[in-house]
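Both complexes shown next keep chain A, but they swap its partner, so chain B is in the first and chain C is in the second.
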Partner chain A sequence: MSNWTRACGTDDIDNEDVIPVAIDGHDYAVYRSPDDDYFATDGHCTHEAFLLAEGLVMDNIIECPKHNGRFDYTTGEGKGAPICEDLRTYPVKVEGGSVYIDLG
Partner chain B sequence: MAATGNVERIVVVGTGECGARVARELRERGFAGAITMIGDEPHTTYERPPLSKSALISDEISPVEVLPVARLAEFDVELMSGTAVESVDRDRMLAVLSDGGEVPYDRLLLATGARARTLPIAGGEFALTLRTIDDARALRAQLGPGRSVTVIGAGLIGLEVAASARQLGCDVTVLEVAPRALGRALPAEMADVLVKRHAEEGVEVLCGVVPTGISRLDGGLAVGVEGFDQPITADVVIAGIGVTPNVELAQAAGLRCENGIAVNDRLRTDDPAIFAAGDCCSFPHPLYGGRRIRLESWRNAHDQAVVAAANMLDGDEQHAAVPWFWSDQYDVGLQHAGLADEAGSAVVRDSGNGSQIRFALALDGRLVAASGVGTGTSTAKDIRVAEMLIAAGNRPDPEVLADASASLKELIKS
Partner chain C sequence: MATRQRRDYGLLGEDGRSAVEAGLANADWYRVPVERKRLKELMRRHDTTAIIHTVIWLGLIAGLGTLTVVTWLSWWTLLIAVPYGMLWALGGDSRCHEAGHGTAFRTRWMNDVVFQIGCFMTLREPLVRRWDHTRHHTDTIIVGRDREIIEERPPRVVHFVLLWTGLPMVVPQVWGMLRHSVGHIAEDEKQLIPESEWPKMLRQARIILAVHAGTIAVAIALGTILPLMLTSFATLYGAWAIFWVGLTQHVGLAEDVTDFRLNSRTVHMNPWLRFCYWNMHYHLEHHMYPMVPFHALKELHEEVRDQCPPTYRSTFQVYRAEIIPALRRQLKDPEYYIHRPLPDAA
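Here is the complex of A and B:
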């Protein structure tokens, strides 16, 4: 079942950047790629659960701000140590200047 | 991929951060031969940084594994824990174990790390130290509301332990011999920010104080201090006075040691089959004029693991990563990139809310170091960018560095 929920406005995120979004007590990270596509993942790193949203986004990679663990935020794939577990991703759609996440 | 036809057996001594990372890296690079990791601690691979921070303030200290056991199996890595390598027979290319066993190698990695230095004063054995998960459990058992704790050494570990003990409700005093805290790790201005935070939390950091001895007193301990009429009494005394690299194995095998097992910028020792990486090795750093340094940081253990793995497989990678470390004290996060001692001038970027970054520029304008403090990971992104600028030998415009509203990320692109 889909459960589309508004996360933020499209302009709330700079190009090639990420913001934190909390919905019903759950933390998400919402990304805007260099091509202005939007993506969403769980908000916490799979290494030691620090929040990802203060990390550096470059191309399709988010680097965890704590110990620089890397993920491809478009797929959630962990890119090497210290990451041992991939990051959960969520479907995203853009409508009328808003970014929606499918919380499933 | 480089030819690795003659490398079939790789033995890793030390199952810490670096050893575990090497095993993973070897497999990720497609190495299909045997990997044996031998470690004297009776545990699987675990991370040390939480031991003075998040884990120490939890009720039960559980390990954060570097390579979860399931991963070790998946990577087909043989882990021999609770086993010390006693000697290395270089002629026969064998690691000789404490139980008399012999493990042959084609390539040997020494990732033996470092051990906590003990206090060289009378009664120094009464002071606890913190390096292993067993040390952390023993220390945790001594901490709790109302317990008095004296920490000797205002370095990173000492101050992290002080913060954690305080968060557990202990009364904490920190004694430092040097004129200021964190002298080895950070510029004075950044150290001051942390020391001020400790003061706000009620932790006193006394510098220029020389402990002369520790003795038992009324069920607790008394620390004698030069020039003090009375000893400082405490329930618990902890020494955080640095570490000694574990070089004895290498030394006994006739390998050169200079403040660590001496390797070249490929992390190879003078024996072409033997490499060393992590806290135990000293290496020439190409970004800093080829100066031989030794680092004691988590990230260095990982970065060197990657290079050592490549070169054990007959690659030719230079280790040139920018030194980087972090520390957590209370809710303050510190991150530091680079080596500051080449610095000519400093630029401060103040983002408000207690977040600030101090950049160190060499005389020729190159960025050589950056330290940031702030709540949590608030300075992380900028420090990461600084790290890339340092690696590139970039000469950033000091005005951009100082302007908190200017994006540093633009500097990498320009």
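Here is the complex of A and C:
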């Protein structure tokens, strides 16, 4: 069952960047790709729970700021050590200048 | 004289358990705030600088290696061995470090290739190195959690003297490779490295040993140690340079704190050392923001310096003013360490 929740405005995120969003006490990371598409994942690295929104977005990769662990934020796939567990992703839609996440 | 018992610096000891109970494992560390927009500029990756550095670095190794062959067994060989050893051992160590973080190049495979080259030059297993260094960044100088603590308190005199030969670094590494090649994984490695990585680790050890065995076979076939002098022996005779700069990073400073300004140093160095060391003399800044590539660390230093302790003028200053006096004092008083002054506003 869908549970679309507003996360942020489309202009809140720079191109090729990420911001942290907290909804009901849970941290999410919301991304804007170089092609101006939006994506959302859990907010913390699966390695040692560091906040991903402080990391670096390059193309479709988010790099954790603590140990440089890398994920494809469009799929959640971990891209090698020290990442041993993929990142949970969430469906996203853009409506009326806002980014919505489906929290399911 | 203090009567503190020697602490257990191993990963399986009581101090490691105490660190976890005290909340020092995977703790929240203080970092001097840097505005997100500025930090993004500093973190920005590109390939050009690292490619230029790498070409010069490998070119110098090739050139000095050729000179070594040409002047072999003359006094010139000894003279050439100094810069060659520095480029091989310290250059390999720092390239392995920076490329291991994945920040030197924007292109991932370039980081991976240089990381593997650096590990080979320093006789390291890439996977072990990666997990050891990951822990070093999580729990920097936390006793019982960080295997990269070079010197303990009180200092081990024989170990400290031998450091300059490279043996305390190389012998355990080679022993580790041998163990892994026959499928043996130590208990502390099982704690450090996820089980899913073990098969890869064992495979890597066998490949690296085969390469080194090949070098030895070439030396035997040619009837000369020259191939070893240009490769694995260079790790040993260049190791002094790794430790000359490496000891300045943390030795003598506080243990078990969660503020890099208290346990890490930034030391100005001459251009040659900076080149060999790939700017890791900005070590405090590197620990605060490991995403910032080596070529942007000077700018990061300018951003945070007013919130950090004073920077040291040179490696000689650090040894003369702090490391040697601190180690001597710690022989008698293991509780002693250097308190770094923090700015009032910090």
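Criterion: the second predicted complex is superposed on the first by the 104 of 104 C-alpha atoms of A that agree within 3 Å, B and C clash if a C-alpha of one lies under 4 Å from a C-alpha of the other, contacts with A are read in each partner's own complex, and residues count from 1 in each chain.
We adopt the following convention: contacts are C-beta pairs under 8 Å (C-beta built on N, C-alpha and C of every residue); 3 or more make two chains touch, one makes a residue touch a chain.
On a predicted model such as this, the values are computed, not experimentally measured, just so you know.
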{"item": "Which superposed partner A:Cys84 touches (first chain B, second chain C, both, neither)", "value": "both"}
{"item": "Touching partner for A:Leu51 - first (chain B), second (chain C), both, neither", "value": "first"}
{"item": "Which superposed partner A:Val94 touches (first chain B, second chain C, both, neither)", "value": "neither"}
{"item": "Touched partner set for A:Ala22, first chain B, second chain C, both or neither", "value": "neither"}
{"item": "Chain B versus chain C as contact partner of A:Arg70, first or second or both or neither", "value": "second"}
{"item": "Chain B and chain C footprints on chain A, overlapping residues", "value": "48, 55-56, 63, 65-68, 81-82, 84"}
{"item": "Of chain B, residues touching chain A in the complex", "value": "21, 24-25, 28, 47, 50, 54, 64, 66-68, 71, 298-299, 302, 305, 324, 326, 376-378, 380-381, 384-385, 409"}
{"item": "Chain A - residues contacting chain B, complex", "value": "48, 50-51, 54-56, 63, 65-68, 80-82, 84"}
{"item": "Partner chain A, residues of chain C touching it in the complex", "value": "26, 40, 43, 45, 101-103, 106, 127, 130-131, 134, 137-138, 194, 196-197, 289-291"}
{"item": "Residues on chain A engaged by chain C in the complex (per definition of touch)", "value": "17, 48-49, 55-56, 58, 63, 65-68, 70, 81-82, 84"}
